[in-house]
Structure formats: C-alpha cells, structure tokens
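Submitted below is the structure of interest, expressed as structure tokens.
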C-alpha cells in the first residue's frame, strides 16, 4: 500500500516536470547534484554507526575536507588529488574518534563534538588565503542514449561523475550491508558485539576499519562541494556549515538503511527545491521551515524508536494471542527504526 | 569426539575456581554436570568454550592436545556452546543470524543455506520460519536455532548451560529428544544443570562439582540423596538459634503472581511475622529475585495483594514502599546500591532524607561517624565508596538502610564476604529483628539459610515451596527441593 | 610506577596538554606561512592592548560564564545538553519581545530591563524543558533532541527577523530594529562593558557552586548523574531531578541570551547565541565540571576570542585561530585523560 502511494506521487511529479520544461527540470537536476555530498556523508555515517560508533564530527569534517580538497586541487591542478585528500582528511578525523573511544575509552560524544568545532575552525583558518580563488571544477558528463529519456534523462543522466558516484554509492552501501557476508557481520557488530565476538569477529578492529571507511566517505562529501556544487572555498559564507548536522539527522531518519536514508536525502533536496520554486507564489511560508525540516523529522524518528520499546507496548504485546502478536509486532517493526543496539557502547572481551 | 580435561586449574584472584579437574567426556554420551552456584562448573565450561584460559592443565580432543584461545577457535575445533541467553542477533532474520560467522565468499548462498536449515529442522522436528525475526521467537525456539546453527557449522560436542530455564515443557521434551538423537549420532553432549530430575532422566553419566573440585562421578541408577550429598556436602550441626519472631503478621501476601520474560510465579500466599527471618533458597534464576523485587516495590505483580500491616501496597510505586519502611538491599553493590565517585559521607547524607536546602556539614559528619562506628566500617568519612573492600561496602550498604525499618529485603547479604564479616552482619540483622523488623533474604549458602532463617521458601523454575520451618528441615531436603524434587 | 590518584600526576598531564595544544596551534600557524610569535603577541595585544580591549574581554566573558554555570548543572545530572544554543536563542527572543512591547510605554527602563531578563529566563527554561521532555518521556537522546531544537530555534529567529519583527522597509541579516539607548544596560564610562552584567555573571557561578557543592539538591543531582539506578533505589525521584536540571540550565542560558540583547547587540540578530553555547560546553569539559575553575578558564577563552578579532586586520589571518587553540586544548585534555588511565591500569 505505501509503495503504491509512493509510485503515485512520483507519477504526479513526473507529469508536472514533463510539462514544466527544460529549465525546471534542470533546476531539479541541480538539486539532485546538490544532494550528492549529503548522500556521501550519510552513507559514510550509516556504515560507521552500523558498526556501533557515533562520529559526531561530521559537520567539521566536511568543512575541513572541502577546504583541504579545494586547496590541494588548486595547488596541483588535479581533481583526483583534491578528492583523495578530502577522503584522507575524513578518514583521519574519524580515526581520532575511533582511537579515542575504542582504545582510550573516552566518550565518543565528547570527542566527536570537540572535533566538529576544531575541524571547522581549522578549515576557516587554514582556508583563509584561498578564499574566493577559483579552481578546477568537475565537468558534467552526459550518459549517451539514457540522457534522451524524457524528464529522467535531464534529471539523472546529465550530471557530473561525482553525482553518478553518489547513485552508485547508495546501491553499493545497501548491497554491502544487506547482501554480503561481511555486511551481515557488520550488522552483527553493531547489534550485539558479544555474539559477533563469539562467532569469530575481531570487533574492535572491524570498528576501526568501518569508522575509517565511513569517515573517508564523509571526507569525499567536502570536495564535492568545493569542486563541483559550489565551487571554490568561500569561508563562512559557503553555506556548508550545517550540512554535517543535516547528514546526521537524515542518517537517523533513514533508520541506518542506505535506501531509506537516500530517500530522506532526496526528499530533503526536493523540499529545498520546492521552497525555491514556490517562494514567489507563497511568500507567507518562511523558507526557514523547509530548511529546518530534517530536524523535526529526526526527532520524530527517534520518538518512534522508543515508542516501540516502551514498557506499555511490550506488556500489551505480551498479552495478545501468538498470531495477533506476530501481526502487531510486524506492523510495529515496519514503523520503528532501531539504532544498532550497541551504538556508542564500547566493547570489551570478557 | 572424545574430550578429556587433565588437571585443570583456574584462579580468580584468591578464589580457586577450578581445582585440579580431571574429567573424561566420551563421544556419543550425554554427560551431566551438576553443582550449585559457585561450584566451578561455569568456569570449566568457559574454559572449554574458549571464553577464558585455564591457568594450568590440558585439554585433549580425540587424544590430541589442543589450545583453545577464543570462542571462535573453540567452535572450529568442534565445540559448540549454547548459552542460557543464546548469543544471537535479536533484530535480525533467522536466516541472517544463521549466516553470520560462517566462513565463505563475498555473497552468502542464501538458497543453499535455506535448504540446509530446512533439512536440519526436519531431522529434529523443529518448526522455525527462516524468514522470521529472531526477537519474535520464544526462548526455546532461539535455543533450537542455536543448536541447529552449531550443528550446521560442524560442532561435534555441544555444551548446554542450564538449557531448560524459561522454556515450555513441550519444548523441553523436544530438546531432550534432540539431545538423545545427537548422542546417538556420536555427538558429545554436556548438560550443565541443577535440576536433579532432568539430570537423572537424561544423562548417562553425572559429574558433580563442589567448591571448585570434582567430587564425584556417578552412573545410573541414580540415588537422589547421594547426588544431593555430593552437591551440598554433609549436613552441618547448627548453633543455638535466636528467635525473635512475634507471631503477628507483619507482611501478608495473598495469591501473589509475578511474571517476567522468563518465568511465572503463581499464587503465593504467605504471612510473615514481626521479627521473622525468611530465607529464599534456590538456584539463581529460579524466581527468588523477582519475588524479592516485587516485595520491595521494584516490580509489579500481575495478580494478588501485598499488605504491610493493614496497608495495601499492591501496584504502588517504589517510593511508596520506601516511605513505608521497606528497604531493598541489592547484591550488585556498585551497580545498584552504591554510587561510585561519592564518599561515605555523601552516601549517608543521601540516605538520611534530610530536609532543608543547605547541607548541614556538621550533622552529616556526625551521622557518618556514628554509622562508621556502629557498623565498624573500615573507612573514613571522606573515603570514596569504590575504595572500600567488598565487606566494608556491604556494611555501608546496610548502614544506608533507614532506621527503623519494617521490612528488610536482602539479595545475597554475605556473598563474597569472609566468615567474620558474615557473622557480624547477621548479628546486626538479628538486632533489628529484636526491634520487630521482618527480614527476607536470598542466599545460595544452605548453611546460612538453615542457621539464620526462621522459615525457608525454596524456588524452582518459578515454583515456590510451602514455607518450611528451618529447624524441621535438613541440607538434604533443601537440596532436593532446590534440584526440583518434592514440590 | 604512576600513582593513580596523585594530584601531581594529574596536574602534570594537564600542563602537558596545554603545551601540546600550544605546539599544535603553532604548527597550524606555521603551515599558514605566518609567525607563531607574531600571532600570539598579537592576540595578547588584542586582548590587553587598550582599555577598550580589556573591557571587551569582560563583555565576552560574562555570557560564557553564565552559560557554563548552567551547563555544570546538566552535566552534574549526567546530561549532554547540546541544545544549549537554542536555549540561549529562545531567551533572547523572549527578551526582545518584552523590550519591543514595552519600549514605547511609560514603564521605567530599569524595570523593562529587569523584566527582559526574567523573560529570558522563561524562554530559555521553556526551550530546555522541551529537550527534557523528549528525553524523559520520549527516550530521545538529549544530544539529538537538543541538536534538532537548536536548528528550530534558529529558524524561528530568522522568521522573526525577516517577518513580524523586521526592520521598517526590508528585513536585513543585521537583525531587528535596534532599541533606543535608554534600553541599553548602563555601561562604565565610554566602554561597552556594564558592571551589572559582571555582577550577574559572578553571582551565577557562585550560585551554581553553592548549589552543586553545598545543597542536598546538588548532591542528589550528582547521584543521579553518576548512577541513576542506585539514586533511584535510594529514593531520589530521578526524572524530576533531570527535568529540574534542564530547567535550571535553560534559565541560565536564557539570562545569557537576555544579556546579549540588552547589553551587547541591543537587538535580535540571526546568530544571537554567538556560539557561546558550544563554547560553554568546551569550557565545562576543560574544567572537568568543577565550578571553581570556570571563571578563570572562561576568561582565558574570552581573551583568546577577543584577542583574535584583529588577526584578520593586522596579520591577514582568520580569527578562528582562537577557536583552534581552544578546541585543540579540550581534545588533547580528553585524550590525555584516556592515556593516563591506560598507563595507570597497566601497573
């Protein structure tokens, strides 16, 4: 049923775009491209949190990697270097979080929080000299044949390579987590590390690895901004500040599932774009409402998580006959999203 | 697979948990391991399954000495352990839970795994839907799942730790059928339990542990009294008893029923007298804790009434119980009773329920000094609670109880304490009885139960015995009841 | 080898952390092709170079002091009140509302200012109670609940500045219409500093110190923060205490917001909280939640903030360097604590 509703909405949107013309479609295509960095950040954080680690430093990491990626790309006139450096920066910051929490056993929240501020200030300080400079940008590449599909061609197949990568990344992340053997283990580490340990997983080593990979993906999000979406480094007015927090909240809203999170990200991009398009015709609705939308959604998601866990719900469930119980539980399960049970909790072998 | 344990020793600090264990476990048999809490059987099983390493001794599998370094290597060598709370992944699907830990390529072959699961299920008559989620299964089903998984991964020996806690009787029958089938196929089945009837009915040999040592290996036909004597030791001569009970009912329970995830306690009625000491006996997990918590207001009964004097406490919140003079003393001192990071003085200030805004430092010092001396706590008012020894923490925990208190509920009051401290604590407790305090306490020490209780309730799998006058019973009778016989 | 609780060990680790943080910052400066000595001396000059500068340091000190004082209360209860920024903002919004409503009336300015502060308290406490309710009754982590509420608070501010409260003509990012000078907090001479704000700030930290160390409430709150289970068993109403800590911290945040409006900006601006909330969290972490160290460390942070303001002008460097030193210090202190524990465990 919900699937049909979704298809219905998409159909309406498709028809609207078809008659709206090239410019409107291009605008939405731009929104999709703008979502690419958020997608990278969300996929990265989803992987990290699936392993049981919260990396709160996203906001700062993205700023720092955007600046560093742009700076190195400018200096070497190479886009590849820019992205590699961005990934490295992201991975390194994430490693600090991992090291502090896994090995030094300090609070993930504390370290992540300080890092988010530190990376931001480092980005502004070190990036000062290159503010406003123009550097290499990622060129757009149309995919032949596919680009000729009405509406969808302009939206999805007339993008640059990083946007294409973001599409692929969603699929890759989903595939890895849910379809591979290692992915199952990843889920296991985050849910019940003790059980994973018994089955032979080196929990802490895997947590290090996944935190690094997740951080690297987040790190790539930065250069996508500074080399593509909003090319250049503009310091405090770059509009990048806050993207990390949005990514964190969409990760939660996405229920630690790449597909659902991507849906959330594109929904957010759609809302942003709608806000721009509809602004002239509806001046009374403040633009801030749309910009701030992910956050109440995140809070709502978190509330639903805990409603499912509330004692009164459990009691009511326990009192039902087994068949009804199974159906009711299935509904609740579809509604609720549970964070990996061991998220943020350090693991010690006996 | 033949397992042989040679001269296994394990120390935890000064405690000699396994003292020179020599045990042969031949393949194709169901071996029972019997012993009360703290006898050393769980330690031994943890060593076999790789969770901990023995300090001395060898393990031989089919005659070859092996080193078991961690749980995964234990399974690789063919030893599978089924924990009381199966180590599975509740939010995941059964099929996924199955696949985690299996070595193999990038993409697991779900179809093949499904076929193999269904084949195994058919072999043993299980009925678990592979597409359902683990947390929707009952405990018994999760056990079945874990057994299947261990078999699937090639286990040749299966250790089951108290497997029948919290499963229905039909599941228990099925489990025993399965174990017999497995033994017939050549598997080594190790059945760790305290339930005498089950062990007697299922096992082909029984090894009994007590205080870290293997005290006997018995073959059928089993004589229950012999097993009990091995488990609990000789009967003790009791010292002169102190009677403080008045005859009037202080606490009345009528038709009390308690439920939690694992067990149900049904329809308990009891009248505890002023100044009476009632001991709660039974293996851990038999329901005493839930019972005590309900008396303390930390759990709500599903049926029945609790009356203190003539006041109905049923269903009221915890602080109501506290204000009426019911004190709960938990066993996990630092996790539930005391607060690491606060000093002795600070604890007493908190417990004192003082009125007012600003802390009266002098009054606090005075109270603390008084309590330290009357409870002979080895510590100063400024000592951090976590710096005190276990015995002194226990004294501090007792000292935190309100005075006077109508009902004192103690989980394992003397666990981990030396004899002197234990005797001293009981002296203090008996003093309170003289002042009409009613005491309920949980203990695994039969001697302690017999010595200090006026009456004893034995718990077994949620069943509660009728109150037994402690002078009229013996270690043997208690042992039988604890093992499940004679209800 | 290392005595686990030796004061000297603790102190030397802290000193080491400060040195490491300075070293790190110096390296960052060098990477920027600048001279660390020049930078540090510039910062000192920026903070102490003139009477105006010194006054500005104290102007920046007060809100930080007030906010950190409030945060110590939530930290005592074991809570990460990330929503502090939003609480400051709501305090400022409520204050602005009162000032706007009364600015043309015949009520005396002093009364208006006092009412403004009271309104700030209400606003901050209200916003904090939302985070508290989400946590206690909804099970929503105060970190994410607070984060979300921060953004909502900013959105509300922007809506007010560009909507109902916009300047005559067009709405502007510089904020609402400034209040007349009669509604400014009385200052010392020609400086921007008001003695009243200092009094409020100092009173605040003393109040929190007394509350946490000398009252039954404070002790019970600490118990809740250290071990909620045991605290509950001892009879402390844990939910009520957690909510109270949110309310108290929100009240302090609200005062800070009120002071930002009445004493510093004299209007509502888009970023009225100026990052003081997060900065307060940093100060609290650095002083290990001990009230006695808040005033000096907050002053140190204020010196760094004000001192770095002229870095862009004089040395063409971004003023966020002050932040770099502050944050590096906190990070290194946290990590050193972990290192110290590991070394201690090994004995």
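In this document, chain identifiers A, B and C correspond to the written order of the chains, with residue numbering beginning at 1 in each.
Criterion: a contact is a pair of C-beta atoms (placed from the backbone, for glycine too) under 8 Å apart; a residue touches a chain by one contact, two chains touch by 3 or more.
As the structure is a computational prediction, the values presented were derived from the model and not from experiment.
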| item | value |
| --- | --- |
| Selected interface, A-B versus A-C, where C-beta contact pairs are more numerous | A-C |
| Chain whose mean Cα position lies farthest from subunit B | C |
| Subunit B and subunit C: spacing of chain centres that average the CA atoms, whole Å | 49 |
| Subunit A-subunit C separation of Cα centroids, rounded to whole Å | 30 |
| Centre distance in Å when subunit A and subunit B are each reduced to the mean of their C-alpha atoms | 45 |
| Subunit B: positions in contact with at least two other chains | none |
| Touch list for subunit B against partner subunit A, complex | 46, 51-52, 70-72, 75, 87-92, 96, 99-102, 104-108, 132-133, 136 |
| Complex contacts: residues of subunit B adjacent to subunit C | 318-319, 322-323, 328, 330, 335-342, 346, 349-351, 353-354, 356-359, 400 |
| Of subunit C, residues touching subunit B in the complex | 210, 214-217, 219-220, 222-223, 226-227, 229-237 |
| For the subunit A and subunit B complex, residues of the former touching the latter | 179-182, 184-185, 187-188, 191-192, 194-201, 326, 329, 333, 338, 341, 350 |
| Subunit A partner contacts - residues on subunit C that touch it in the complex | 28, 31-33, 80, 82, 134, 138-141, 143-145, 147-149, 151-152, 154-156, 158-159, 162-163, 278, 281-282, 285, 312, 316-318, 320-321, 323-324, 327-328, 330-331, 334-335, 337-339, 341-342 |
